[in-house]
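Before anything else, here's the structure in question.
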Amino acid sequence: MKLSKKVALILVLAFLVTIAGGCGGSKPAPAPAPAPAPEKPKEILIGANFELSGNVATFGISAVNAIEMAFAEINAGGGVNGIPLKLVKVDNKSDTGEATNVATKLITQDKVVALLGPVTSTNVLGAVPVATQYKVPLITPTGTNPKITVDDSGKTREWAFRTCFIDPFQGFVGANFAINTLKAKTAAIFIEKNSDYAKGLAEVFEKTFTEKGGKIVAKEYFVTEDKDFRATLTKIKAANPDVLYVPSYYEQDGLIAKQARELGYTKPIVGADGWDSEKLLQIAGAKALQEVYFTNHYSPQDTDPKLVKFVENYKAKYGSVPDALAALGYDAAYILADAIKRAGAPEPAKIKDALAATKGFVGVTGSVSIDDKHNPVKGAVIITFDKDGKQIFKEKVNP
Amino acid sequence: MALLAVNNLTKVFGGLSAVSDFNIELHPGELVGLIGPNGAGKTTVFNLLTGVYEPTEGTIQFNHENIVGLKPYEITQRGMARTFQNIRLFSNLSVLDNVRIAYHTHVKYGLTSAVMRLGNYYKEEEEMTRKAIEFLHIFNLDRKKDEIAKNLPYGEQRRLEIARALAAKPRLLLLDEPAAGMNPQETHELMNLIKWIRDEFKLTILLIEHDMSLVMGACERIYVLEYGMIIAHGTPEEIKSNPRVIEAYLGEEVAHA
Amino acid sequence: MLKVNNINVYYGAIHAIKGVSLEVKEGAIVTLIGANGAGKSTILKTISGLLRPKTGEIVYEGKKLNTMEAQDIVRSGVCQVPEGRRVFANMSVLENLELGAFLRKDKVQIKEDLEKVFEKFPRLKERMTQLAGTLSGGEQQMLAIGRAMMSRPRLMLLDEPSMGLAPLLVKEIFSIIKEINLSGTTILLVEQNAHMALSIANYAYVLETGKIVLEGPAKELAESEQVKKAYLGG
Amino acid sequence: MEDLLIFLQQLINGISLGSIYALIALGYTMVYGIIKLINFAHGDIYMVGAYVGFFAITKLNMSFIPALLTSMVLCSILGIIIERMAYKPLRNATRIAALITAIGVSLLLEYGGMLIVTPQPRAFPEVFPQTKISFFEGKVYMTNQQLVIFAVTLILMVLLQFIVYKTKTGKAMRAVSFDKDAALLMGININNTISATFAIGSALAAAAGVLVGIYYTSISPLMGIIPGLKAFVAAVLGGIGIIPGAVVGGFLMGIIEALVSGYGASTWRDAVAFGILILILIIKPSGIFGANIREKV
Amino acid sequence: MQKILNKRIILTILVLGLLYGSIQNLIVQGKLNPYYEINLLLIGINIMMAVSLNLINGFTGQFSIGHAGFMAVGAYTSAVLTVKLQQPFPLAILAGSLAAALIGFLIGLPTLRLKGDYLAIATLGFGEIIKVVFVNIEYVGGASGLSGIPHITTWNWVFFLTAFTVVFIKNFINSTHGRACISIREDEIAAETMGINTTKYKVMAFTIGAFFAGAAGALYAHYFYIIQPNTFNFLKSIDYLVMVVLGGMGSITGSVLAATALTIISALLQRFAEIRMVIYALLLIVIMLFRPQGLMGNKEFSLSILERLGRGEKHGSVSSK
């Protein structure tokens, strides 16, 4: 015991010394002299502010993995304008305060020229004011809350961008599909209470669906940590909707589909791009996925070589299939690289302008153009499943 | 006029009577013993008197006031203090703090003056500390005032507990087996101390004790409890020769000692 | 039978036992008396393996107890009745007694011994299924002794068996201790009540602040002025 | 009639959810009952159990029962190691210090697990095929998996009760829990007894992990946090340290949650569950089955 | 006696003034890196949380693990006042603290009858209930939180409120009221028979603790732009509990030290990304194994201890063990 205690003590001391040493190295000079920017910097520093621990670490790690992969690919191809990209990866504990803290660190300590992340809207909202204050562009691959890019007065936030689908369009497509193709008269919505993504989609779906003459017969909620949805599904089933709209991520979606079918709900379920994952089939099983439709940006049958390559590389590198967050993170990284390239110099203001001017960028999640609200404009497709649970293309919708 | 008058006190725990039809009267200045076999309900009586338990039936008049239903701290504030069979000191605090806590009910400064250090905070704290040290001096503990209570030797812990109880300025003091774990010499000293504090502080004392030398030597009257009921009551001499008490509690030898 | 050679025991920085040596002869009742805090219980705890001496050794029938685990000490026939009884209050009387025979595997003899304990303490038999916590102090002391008997000890260590008991019960407990001794168990008794202890013991040690200050046959000590003054209240 | 059937369905939903809480709560309450430690890492051992089961089935191609046993054995060993390294040195320290260590162990398992198995959820293979059982013309449903979990919970409860009350090890456990020194004087090996407690508790958690993995199909490194917390609440609700209490508490939690989601507002579910817990504690401060211990004065 | 006290007070004020002045100077001159400023502020907020929780857990001995709930009440109340009702910041802080104190009082009254782990789980439950309530109030943004909170909290606010918290609680502890709380921790029954209204003092400690947690919450909300219910979950409460235990239950200076150390460690570990929590967990375990009583035990670090040590005396009234 004595000995192992000593060993442990030495280990801790070693840890602390390492940490302290690491910290000492990064201390800024007391008075940072405004040195003239060198002609060609050795590397371009990009900050990654992601949820690597805490309750949504799954999402953050997925996204950051894909970003690291994208950076490695870009650097292997000679970097951006001949300069390699370097990712400074920092954890924000899935906490808004920490997201602010970390954003400040990345900008003021590490001197990054652009920020990627975080993934959840709330955490992005904690980081956007920092990016705005220090005039560094921030791109969230997945934060869907409209307020991220537009402030309360309706003005576009100059330094904040997103590369994911903005909710209104997908919700709109989903509702139209339910009414027109599925001929639904009544619908139930099952919303993830603590997800802005789900809430935003649900709101638009409800609005569109009722405007077109449909009726919402049940609107229920769950929280991300839930695994058992039977009680609420029983309630929903009792309301007897023609269609069930579940705009969440695949882990919950899969469980909801599975449990709804177990409880004897056989009618269609409609979702959004969060459903897109190979794991969905493993979680829900093929039988539960019959009569399930979801909106997405690209079709699986669209054998886009870029997408195929991405999926293969990701699998090889991380041993698992990339999910929607990984795909979105991957695209965010490339969109940023593209903007830096067009900006000509790795300077925040130029990168920002180039980002705002992004047009027709083709990524793995479809073609992206940034509009004046700093949101991407993408097309949409509707996907369903065959009897083995394989994704099949249903129809294409354009904005 | 009685300081404490208990009538028909009964306590039932889950169907079993721990104390039944208990009557006792204490007059100012008396030193009275309560003895009886283990499990007879002596400590339960103390707990009922001090409000730790609420009686199932009966009345307790203390200083002409019915105290049944009052909380322990309310009863203490009315002038009753006690010690415990298994010493209950504030064991991680200093000897001095143990006594200062007992002064709590007599402190007048409020929360605001405490946190803002205003008004009479310093004056009262100083006064309290001075009095506490004086008190400890009486019990020959003043030189150990900064010692942590749990580090005191057993006998001193017992003394400290009594000192602490007295610091609450009681009129009635209840002592629960104060001599437990003391050797005859220590017990003898304790007996003198108890008599002395009774006179000095003009107290009334009720004590539970198994050590017959203490009980017989100090108490003027003795109550004997068996199975929750009083089986005898009288002067030490009367008790010693009471056949029922001998049979239930004392045994032949002690009675003849 | 048991020899304690010059042991030193510490509680953290406190030197509790300072070079104590004592001996218990087979078949005897040896008592250890002294004031509270003198270290009597500490010695018993050290013998039964709850504490370890820093130096010195404890030899029991040729075996060195001070390097043995507590359960092996029990297995070799030394059993302690702890101070304050320490019965398992949340278990029945019967279960307490069964735990006393925890290390034994001889089911038949265990049953016999159980009967013996019940014979000695009929009150325990009456309350066999009752929880030990509901017993009175005296009954708990009986249970603690009975529980120790269940391990078939050849040396029984008793720590303050009279503590907190009514005079009548004290007498009863001591006569039981004498009986246990007569039926072949050697006894080392730690007691506050020096008067009673000296009346049944063969040999006695007086402990003061961790040191043995006096020893001798119990009868002689009972007559000694020094002991009378300090421990017998004379 | 329709309403009644829906109520029946909700009851089934609640009991099946409750079985899972109960299953985890059993191990929780067992460890607490013996060493009075809130083993915060219990929910994470449940997670490890699920992963061991997962790898045993997918990588080693084991069938259900061998995978379950492998998981239980490995988690027992893990439990013993954790106890020896992290809790044993603190046996004589304050309980809150041990609680902090337990939190440390919990975080270590969660995030260490994340490093090893990646944070991505994994889908548990279907090792025993699910069949649906329906009553009342298909108006009320349950699955064979729900029945299995329910039955296993009850069986384990009885088994555990038997171990603790009827076996020698169980007696030793109870003795150690009540008074360590006195137990030592009986010749009981404290370390082994506590190790046995952890081994059993962890094996129970592992069993729960594998069963839940099969039932919900998705497992992830942080899967133990919420069920662990809920199971602990269930154990307290029933009276912590009391084995049948854990099961009743678990069922109660499950049913309350199902009824609140089914008839009230699903987003208030946790608030109502905790509210009822607090209410019960105020009325009966040591849980439903807890004996109200009078402090000896 | 009086003289020494005064000397100590002057010394304390001097040290605090020096600390305040030097940092304020750096900020005014723009020499303090904003990242360090954030973490300094976070240290202050965490000190407020840890010290106020220590009053409940360490000094009064009531095992509470729902402290983040009070922080949430303070954060939300103050944010609603500034964002929705356009009230001045000082009023918002005060209202946030009072609201938290009120909730603390209401929760304390019935639950403080419970003991030990049962109390712990009840406070945890209350913390979660508070969280759920905010999740369900759409007025404050529901689960996605209340955004657009003005960035008002500054070093001045944090410094003076932290100093106030520490001094308030220290003075409270060293008064007859504080001793009443400590006596409850030591032995509730004995305290009661010493004439102490234990319920009153338990609720008092709980209310004061909640008050300062509310103030800390208000500062937090007005620094980090957005608050959401999930920020104040039970893991956050556990974070503060860890600070209290690590610093030493019943040591104010211990809490201050631990809150400072843990905030710095957390910031240093940000760069370690995925293994951050693994390191943190190991650190927790190892520290507890070596110092289960916490860094300071129940002692206080003070200049007078150094003084006395210097004179080769054994330190008296606060020594234990």
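Couple of notes before you dig in:
Residue numbering begins at 1 within each chain, and the chains themselves are lettered A, B, C, D and E in the order written.
In this text, a contact is a pair of C-beta atoms (placed from the backbone, for glycine too) under 8 Å apart; a residue touches a chain by one contact, two chains touch by 3 or more.
Keep in mind it's a predicted model, so treat the numbers as computed, not measured.
Any chain that touches chain A and also touches chain C is listed here: D. Among the other chains, the CA centroid farthest from that of chain E is the one of C. Between the interfaces C-D and A-D, more contacting C-beta pairs are found at A-D.
Note on chain placement: the centre of chain B and the centre of chain C lie 32 Å apart, centres being C-alpha means.
We define each chain's centre as the mean of its Cα atoms; on that basis chain B and chain E are separated by 40 Å. Centres computed as Cα averages put chain A at a distance of 35 Å from chain E.
Shown for chain D are the residues that touch two or more other chains, namely 89, 111, 114, 265, 267, 270, 297. The set of chain B residues touching two or more other chains comprises 52, 84.
Annotation for chain A: residues touching 2 or more other chains are 5, 53, 55, 61, 193, 223. In the complex of the two chains, the chain E residues touching chain B come out as 1-2, 5, 167-168, 171-172, 175-180, 182-183, 186-187, 189-198, 204, 298, 316-317, 319-320. The touching residues of chain B, when paired with chain C in their complex, are 35-39, 85, 153-155, 177, 180-188, 210, 212-213, 248-251, 253-254. Residues of chain D that touch chain E in their complex: 32, 38, 86, 89-90, 93-94, 96-101, 103-108, 110-112, 114-115, 229, 232-233, 236, 240, 265, 267-268, 270-271, 274-275, 277-278, 281-282, 285-287, 295, 297. If you check the complex, the residues on chain E that touch chain A are 31, 33-35, 38-39, 42, 135, 142-145, 147-148, 151, 220, 223-231, 233, 235, 265, 267-274, 276-277, 279, 282-283, 286-287, 289-290. Those residues of chain B lying in contact with chain E across their complex are 50, 52, 71-74, 76-77, 81-82, 84, 88-94, 96-97, 100-105, 107, 109, 111, 114-117, 121-122, 124-126, 128, 146, 148, 164, 168.
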